[in-house]
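Written below as structure tokens is the structure these notes are about.
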């Protein structure tokens, strides 16, 4: 696991990809921070949460090559024929990508220092938002890694993970749509409105239940709850395991 | 999947033992994934349903879900047999996550728990039990509706909507301050004690809304009402504070004489106008009205030229204003933010008993002029806020005149929350005008306390920050990336 | 030691490997020969644990590759057909990564890597980017990768494919050196390659073992003819003409000539007549006054063996 982690993590810094992702993150978060700063405000939790909505772009860039490149270049055979478990390989790559997010987070720390030195508050909300940052990153990276295992083309993997992540991102919007549908049905005053609203509400709730962002909304105010974190970690685990199974499938698949 | 199945079927025909291993591997793979997903779903649902609420930790500095000391002191001051009833006019929802109620219901539970029976919280859905509304409010004056809360005490009732318990950012719409506790405690305080004073907002002069200032007033025990501009305008006798907030057209002559009479008789007033969307308005009548207190509003805009006072690169005319010495005890910061300010100055009246003093003033480099021209002159200190009273008179009037609405407007208060320096200053000014022993000040809970020390956000520091965060760091990363790539490429 | 029993691998409707069995003894160099698409790479991929077999067993030093994959894989160094190289790493970075992967203890690493680098002669390119190396060097890095962890068994899939003749010779020399301390399996579709490097050969065709034998036995068994090589000084045409008249000589072919008038010829003989022919040839040459510089018998090439087997 450590071997794969080391190789993937350092390879981000041996090619332009890692630097470009870092520069992009620095620029976007910096832009948001400066804009707040100019109004004598520094809402770090809100900045972090906004950066999470950019994960849908960052994660595919960072994860697209993790497994697809190995497949394309034939280097995956190293993992299959070395005395390591493929799950360790998956975890190594996962942790490498997550660590890159750790490096990106340094930007936010810089912003915190500036905030502190301008007598702003860096309170518990920042801790909450940061927890959300890393847990959602973990979930999204697991998804991106899974997408990367499905193809031997970086572009295809990137598009695939973008689509899945977009779906996750849209969950809350989707639930609003459903709620709106109910409201319009109610205002139409049809006979079954009550029943429909009950069903619709349940569906909307279920959709919202799946949304990692909506679940973790209170974190940025310093109100922590364990359940959303369990959710992120366990769903990430499902995707990591799926990735592992996809790799393992190559051994016995008759295709 | 189907082709896979087909191929393995074919294999089975040719050699039975051949496919065993593949099929068992495939089923192990599919089975383990299914089992894992099932376990994860089960654990998550179980966690959510059984333990979800228990594992919530309120670590916020102000405790979003916990009542604060002022409220506890108020509850302790209530007699042991006091009975305040808070009724949610809806069915108590199973799940509150993701709705505003998640800040309301747990807090109300805390009220109930800590009041030792003085405060009772229950939920009655008027759709199920329609009698509840007439039971709480037989005369129908409080306007109780489904999906709101009713706070009931001793035959009196107040309606509280959960949405009123938050200040929202005017543009992005996200909540900036949690006022749930402040709102409910204030409702209880006024139900128990009644309002101590009444303020009238002069309305109908193209002014903006004043929902937020109303809440600020309510929090210091002052009831608010509208006083529409009309030809028969008169200041009501129960008016303790007259507020002219953000009007964009001048008052009439008749109103001016009514107001000056009110002031001359010892009335208190706050006047706030700015220089935005009303640059041609000279406020002649308003000036006539307040001239009895020796204050005048200029038809000029203030232009701050000191870079250390400019905010946001001077965009939208944002700058800092100094709070003058006598008023600093009311302020939490030596400066406040303002934009598009009018200049306020002592009026050219020579009456010895008028005692006026500046509240807010600019730097010595500020100039004044008309917005549409570039020729700003008259460099020096300028006032943007003034206080005036009569010296040596019992029942003396108190007048505050501001050339900015950034202390009083909904726009500003919503944007920056109730703990912002500007809002704290105006609230303390009002409290200083109406010292009340019964008002209970519950601080708003910052959803995120976002203000920086405004004095550090100067044009220079913003420029440095822009260069550092938007140019230096990203560029350095890109350069390092290019250098490393270039070097390695030729290894 | 590797024991392979009844190996079958099915891809869709197609059987790529149809029941291959053979054993590789410790210390031997086994050639794995077959035309493209015969199932060589598939078999090697199964032995190294990359693919799982549809049925059949592979035991590496007694460990079943499916049941105890980690132990089995520790014994094997594998160079696949396409060397698994990260082009964006330098040779040393890459080999260190492989060390990590194969769990080589940190203490042994420096010594072992230095040994491998000098063995495969890539010390001078150790700091260079793999992507910038020539094909021959890349292949050596691939072999170096297989040597990491000092495995007992080396499996090299087509190690010389796509290399120029000089590089092929270098790789052959390298493999010969390796065979002193390792059990080696080499696959190839080029016969001279196997001939140059191996003790024993497994020939597979269409997913089946066509023959297993030592190279010398195999060539003898399959050929009734034997060949003699003769090097002499004298007129080529006269010599060839005279030798054709010797009874038992089937054909004479010229191999090389140089400007000093030294020629090398191949003489096909009917081996059923025994080695008596050699003295007859000697006397014929002596009679003509043509001095013999070299005279020996040569075995049939694997090309011939292979053509014989696979065409049946």
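A, B and C are the chain letters, set down in written order, and residue numbers restart from 1 in every chain.
FYI, a contact is a pair of C-beta atoms (placed from the backbone, for glycine too) under 8 Å apart; a residue touches a chain by one contact, two chains touch by 3 or more.
Computed from a prediction, not measured in an experiment: that's the story for all the values here.
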item: Contact-richer chain pair [A-B vs B-C]; value: A-B
item: Per-chain Cα centre nearest the global Cα centre, belonging to chain; value: A
item: Rounded Å distance, chain A centre to chain C centre (Cα mean); value: 51
item: Centre-to-centre distance between chain B and chain A (centres being mean Cα positions), rounded to whole Å; value: 32
item: Separation of chain B from chain C, taking each centre as the mean of its C-alpha atoms, in whole Å; value: 82
item: Set of chain B residues in contact with two or more other chains; value: 7, 11, 21-22, 25, 488
item: Where chain A touches two or more other chains at once, by residue number; value: 14-15, 251-252, 254-255
item: For chain C, residues contacting two or more additional chains; value: 10, 12, 52, 54, 88
item: In the complex with chain B, residue positions of chain A that touch it; value: 13-16, 18-20, 22-24, 26-27, 30-31, 33-34, 36-43, 45-46, 107, 110-111, 114-115, 117-121, 123-125, 127-128, 205, 208-209, 214-215, 217-218, 220-227, 230-231, 234-235, 237-238, 241-242, 245, 248-249, 251-255
item: Residues on chain C engaged by chain A in the complex (per definition of touch); value: 10-12, 45, 48-52, 54, 69-71, 73-74, 76, 78, 80, 82-89, 97-98, 100-103, 145
item: Residues of chain B defined as touching chain C within the complex; value: 7, 10-11, 15, 17-22, 25, 488-491
item: Touching residues (chain side chain C, partner chain B) in the complex; value: 8, 10, 12-13, 52-55, 88, 90, 127-129, 132
item: Residue ranges of chain B in contact with chain A within the complex; value: 4, 7-8, 11, 21-22, 25-26, 29, 32-33, 36-37, 40, 43-44, 47-48, 51-52, 55-61, 64-65, 95, 97-98, 102, 174, 178, 311-313, 315, 318, 337, 416, 447-454, 456-457, 461-462, 465-466, 469-470, 473-475, 477-478, 480-482, 484-485, 488
